[in-house]
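Presented below are the structures under discussion, each in the form of structure tokens.
Consider the two complexes below, in which subunit A is the common component and subunit B and subunit C are the respective partners.
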Partner chain A sequence: MTEIIVDRVGFSYRSRRQIIRAVNDVSFRAKSGKVYALVGRSGSGKSTLLSLLAGLNKPDCGSIMINGSNLQSMNPDLYRRKQISVIYQNYSLFPLLTVKENLLYPLLLNKVDKSKALLLAEETLRSVNLDKSVDNRLPSTLSGGEQQRVAIARAIAVQSNIILADEPTGNLDKENSLLIMKLLLELAEEKDICIILATHDLNLAAQANHLFQMEDGELSEVDS
Partner chain B sequence: MSINALILYVNKNIHRRIHVYLILCLFIAALLAAWSLFVRAIDQKRQDIQDAYETIPVYIILSNIAGTRTDGLEIPDYWVEYFISESYSYQGFEQDRAFSSYVENVQIKTTLYYKLNLSGAEPAGEALPVNQKLIGITGMSAAGAGEALSAKVDFLPGYDESFLGSDEHVCIVSEKTAAMMNEDNSIHLAIQASPVGDKALVLSLNVIGIHHSDDDFIYCPWQLAVDCQIALEGHYTADSLRATVRDNTELSEFCQILSRHFCAVTPSGKAPEMHDSPVLTHYAYAAIIQDEELNRSLQDLNKSLRMLELIRTPLLIVVILLGACMGALFVHSQEGDLKTARMLGTSTIQILSILGIELLGWLPLGLLLGMGLVSAAWKINVQILVAIGIGISTLLGSIVCCLTQIDGKRGAFI
Partner chain C sequence: MKPVSQLLRDPARTGIACLLLCASFCFLFFGFGVNRAMRDSIDQVQRQFVTIALPSTEKALLPYENGSGQKGTTIEQVFTEDDWVTADKLAQDHTVVEGVYQQKYISAISENLVPLVSASEGGRYSSNLDYPANQAALIIAVTEVKESQFSWEIVGSVDQCVSLHPAYEIRSTIHISLPSDYSPLPEVGNHYLIIGTYRDWDLQLRQVLAVRLRCPIEEISWSNLSSDGIQQMKEDAIQHGYLEGIEDIAAEYFSESTGRSVTLNQSDLDKVNSASVSLLYITDTKTGVTSPAITEIDEELSTFLDQEENLTWKNTIESTEMNLHCFPILGTDRLECVCAFNQKWAYIVEGRAFLQEEYQSGTKVCLISETLALQNGIHLGDAIPLSFYGTGDPIYVETNSGMTRPVAQALRTNVPPKADADSFQVIGIFRQADIWGDGYYQITPNTIIVPNKSLPEYAGLPRNGNFVTFALQSNKVQEFKEAASALGLDPARFVVFDSEIEDLTVALEDSVASGHRLLASSIIAWIITISAYFLAVSIRQRKNLGLMRAQGASKRDVIVFFLITSVLPVVFSSVVGAILCSSLFKFFISRLTGAIPAQLVAAFNTAFAMGFEEDGFMLGFLSEEIPVAVSGAVLCSVTAFAVSLAISNKSPTSLLKGD
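For the complex of A and B:
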């Protein structure tokens, strides 16, 4: 059971001699087994909020509690290694590692035995409907949808409690976007994972369990 | 072991980005080679300056005070002795170093007058034609030796110019005089110190060469002429004297010693100011120092050397900075991958370890290649310290780029 509590979090950064208040007094709760969608136009603060949740930035005020522990007091490397996975619009796979090696890397980083890691990688790739033939191919030889499924498989393989997805369907066509969204929904329910995704696609966001609107750094919940 | 993850990443990177490593390797090698060539250029300039001192001759030529005449000077023997004696006294004190040690290849000319003594009669002083000169020279290039010896001299078998450096009774005669020599190639001369001298002595000389000029000058070893003059007058004089400075790096020191006895005249012949000058009472002769060629060469070389020395430090800084830039570029080329690695939970230390392992692969190779190039191809001394400096700056550049670019970005998710 995973619970994220974001309490009155704010974050500012400097951009070209001006201070940008990217996240302003944001509070919400998220639990495992659900998909939470953040919608908003570009520059509304969605990605910044996700970066705070990923531990990439520290909030200027407020707190982020992950399963009762303050994120700011956690070791960020261990947090990102064991509790959280991130899925990006551009997939963020290692281009010079094969599909299987992309899954092996985080497993080996988590000190999983190599033979066990290999098995786990193969199983996970099958679970996201990727054929065995892709295992030894480089990511650049796959389609966008296949690459995003590899990224999701990587998140599943390390057994993260939380998945943050920043515009995961941004580079995909409608059909693949729907497939990915369906995969995320199944993942949340079957693996009891808390998934928070940022998107500007209202149709996709409507499929999530909870919908939040982000505007000028402020968050408000929208009835689904 | 999480190190397996790092090894996986590095192994695949090296295999699939080998061309990147090669380029970086070659650039570092080229950087080191370029710096070494620059240093070599500086060393070469210094060597050229040294060579200039060693190879460009500087002549000292005695003249009258005005510098208008270098022949017919009647330089007294005690002045000449400065240039040839192994000891040197100044103001009554023996000096540690002989005046003559500063010079070499001293060329001296002394003139006597002769008449062919064909009859073998006892000679007596009489009026002699002024063109019947017996010229004693230390070598063919003795100053004022006359145009005669610039023409070809045919030496008889077994003889050469070196005989002029001896005191042997030998001579070089004109064709006209050669026609009158004895069957044993000897001639008998009556010698006088001046055309109208009252004393004469007989000299028998072996002809060792024939010069092809219109005058009837006879050339003999200078020492022989000196012996004759001493025998006739009790002392000797020299018409002209020139010498070559032995070690040009001692020229300044030698000029100070020269100035004790001679006033200085520049090669252009410019004499010092004369009126009310102690020159007239103190000096009898001037010493023309022909060092224009040396000065001109040194001026050019020193100017070049100064330029190179001026840019040496800024260039070294540029080289080191370029090394740092290469390190930063190396990191920047895989910035996306390293950020992904960070997002997967790879720690900063682990990221630096990845970079360290990769750098250890190509950086030493590049430095060794550069050192090998300069050593084998151009035979230049390897600049070990600079190579180490480039290596360190590359490492630092990559570390700084890693810490600022991979970890330092704020406000962006990736």
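For the complex of A and C:
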């Protein structure tokens, strides 16, 4: 059982000339087994909030509790390795690693036995409906949908409790977008994973269990 | 994710990067190599083109007064002991004198070698130059004994040649002189053993005739001598009043090829088919009596020598035979300061000169003359045994130009005990412009040159002629003379040999400047290439590293990954670049030497040859390139580490976004 509690978190981007308040006093809760969608226009702070949840940035104020532990007191590398997986809009696969090797990387980082890791990688790739023929291909030879499924498979393989997806269907067509969304929903339910995804596609967001609206850095829940 | 496999998975990019890095390293090493070679060339030039000053070997008739007030004149060297005291002060002045080099002298026996003699048909025969190989032991039958004003003249024919240099002809008539009070005189018809200095009168006369008739010596034939017209010639001369010397004319030689003729007197005719032997004076070890080396012999020589009372004769013959294997040895610490080499009267045509380490360690290596090598079938790399003997005072051959040409000391009745011969390897063969030429500071073709430290401690340190060389600072001839004058030493006591160093100074400076410019260009090009490479690598790797961080890789993982993927191509390219530079270097040498003045080319090529051919360019200049390589490796590693640290400190988000 995973529980995320975000309490009055704020974050600003600081440059020489200006300070941009990207996340402003955001509070919400999320639990495993559910898909939470963040909607909002570009620049509303969705990705920033996700980066705070992923431990990629530190909030200026407030706290983020993951299963009762303050995220700020955790080892960020360990947190990213074991508890959380991130799916990006541009897939973010290693271009010079094969599909299988992309899945193996985080597993080996987690010191999973290599033979076990290989088996797990193959199983995970089949579970996202990717054919065996893609295993030894480079990501650049796959379609967008296939690449995103590889990214999702990578997130699944690690068996993390939380998956953050930042515009996972942003570069996909409608058909693939629906496929990905379906995958995520199944994943959340079957594997009891807490999935938080950011999207500007309302149709997709509507399929989530919970819907939040992000505007000018402020979060509000929308009745789904 | 293995860094090496990541590099190999993008062969095009990795290959291009390596190519550019390789080229920059190649250029960098080339710049350092050329710069180093330029500096070595300058050292070579300054070693080869040394201005030297040598104490004059000239002699003069100087007055003297002994302790009892008796006055007189004596022939002494103009460079006196007092001059040496002043010269020693001058040697301490390093502003005009770069260094003072003492050449050592000793004699050596090499039983496998036979020295050269000047007694060749086409040469310039002088018995003195052949000393001590001009010693002979003969058994003659006396044919005539005649009294002259101050001595007895003995004429004989050769019965048996006991010891004579193989290049000498055995003439049919031998002339010897004995003091007027010598007793008992040799008797006509008896046989005598004689030992002394052999002089080929016949060869001397033919060489004189060849010069006067301006024809080759091979054309001189005694069958062309004629006394037919002499009587008429004398009558004509008397008739015309030309009386001086006319009575002495005994024959005329006419050359058909040149149409010239020369008249000869009786003493000239006596030299035809003749030789003289100037008898040694030997001291009988038993009686202590010193007398000319002539003794009657009426038995087999071996029987004669086996007799105990003839032990002195046996030793003297043994010494005479051993003189045919004696050589003068010249030790030096700097070949370029030996006058003959400084002035290119002698120059190395095969092999090389001594290396600095050979001078310092006294390695047993030597230089021999080309003519000596040819006569004895010696080649580069051969080892020749040398048994040293003698004292340090050199024996000089007196020539027309004065005391010069050190030769080996002659053995008399004292063949040195056979010590273990030192083996000297021939590392260079030198040619002399005129092997029997007359002049100051020459060396004979029998001279064997070795590093000073390879000689025994008792080798002599003569302070005259060829043996002490003042090497001057470049272009300081006038200053040297002024410094000598200021100390009260007449500068004329020195003979100065300038070696064009003044003309080379400008060319040297231009060459050095070119070397510096090349080096600066190569360093700048290398820095630009390395900087561009690391910039490109860091930009390319940012996203990958961000992804690694996003997936939980630690900063250490990121740093190590970046270090390996960025530094490995640099290391690989530096090695390949160095090898490529080494291979291409020879290709460039000929182009480089085209821009260098002719006088510098030899020095330039010597420097490059020593750096390249001996050990290969890499090894030859290794002392220069290792610091370069290490500095480059350290710089690249530090840069790579700094970049990787900077990257790992950035947030994964910014890396993924490419910020």
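Simple rule for what comes next: the second predicted complex is superposed on the first by the 222 of 224 C-alpha atoms of A that agree within 3 Å, B and C clash if a C-alpha of one lies under 4 Å from a C-alpha of the other, contacts with A are read in each partner's own complex, and residues count from 1 in each chain.
Methods note: a residue touches a chain if its C-beta (ideal position, glycine included) is under 8 Å from a C-beta of that chain, and two chains touch if they have at least 3 such contacts.
None of these values were measured; they are calculated from a predicted model.
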item	value
Three-chain arrangement built on subunit A, subunit B and subunit C clash or fit	clash
First, second, both or neither for A:Ser140, with subunit B first and subunit C second	neither
Which of subunit B and subunit C A:Lys114 touches, first, second, both or neither	first
Touched subunit A residues, subunit B compared with subunit C	B
Touching partner for A:Ser42 - first (subunit B), second (subunit C), both, neither	neither
First, second, both or neither for A:Ser73, with subunit B first and subunit C second	neither
Which of subunit B and subunit C A:Tyr13 touches, first, second, both or neither	first
Partner chain(s) touched by A:Ala22 [first = subunit B, second = subunit C, both, neither]	first
Subunit B collision site on subunit C, chosen from 452-460, 506-514 or 596-604, when both complexes are overlaid on chain A	506-514
Residues of subunit A contacting subunit B in one complex and subunit C in the other	51, 54, 56-57, 77-82, 86, 88, 92, 94-97, 101, 105-106, 109-110
List of subunit A residues in touch with subunit B within their complex	13, 15, 20, 22, 47-48, 50-51, 54, 56-57, 77-82, 86, 88, 92-97, 101, 104-111, 114, 166
Residue numbers on subunit B that touch subunit A, as the complex places them	1-2, 4-5, 8-9, 12-13, 16-17, 336-337, 339-348, 410-414
Subunit C to subunit A touching residues, read off their complex	1, 6, 9-10, 543-544, 547, 549-555, 557, 651-653, 656
For the subunit A and subunit C complex, residues of the former touching the latter	51, 54, 56-57, 77-82, 86, 88, 92, 94-97, 101, 105-106, 109-110
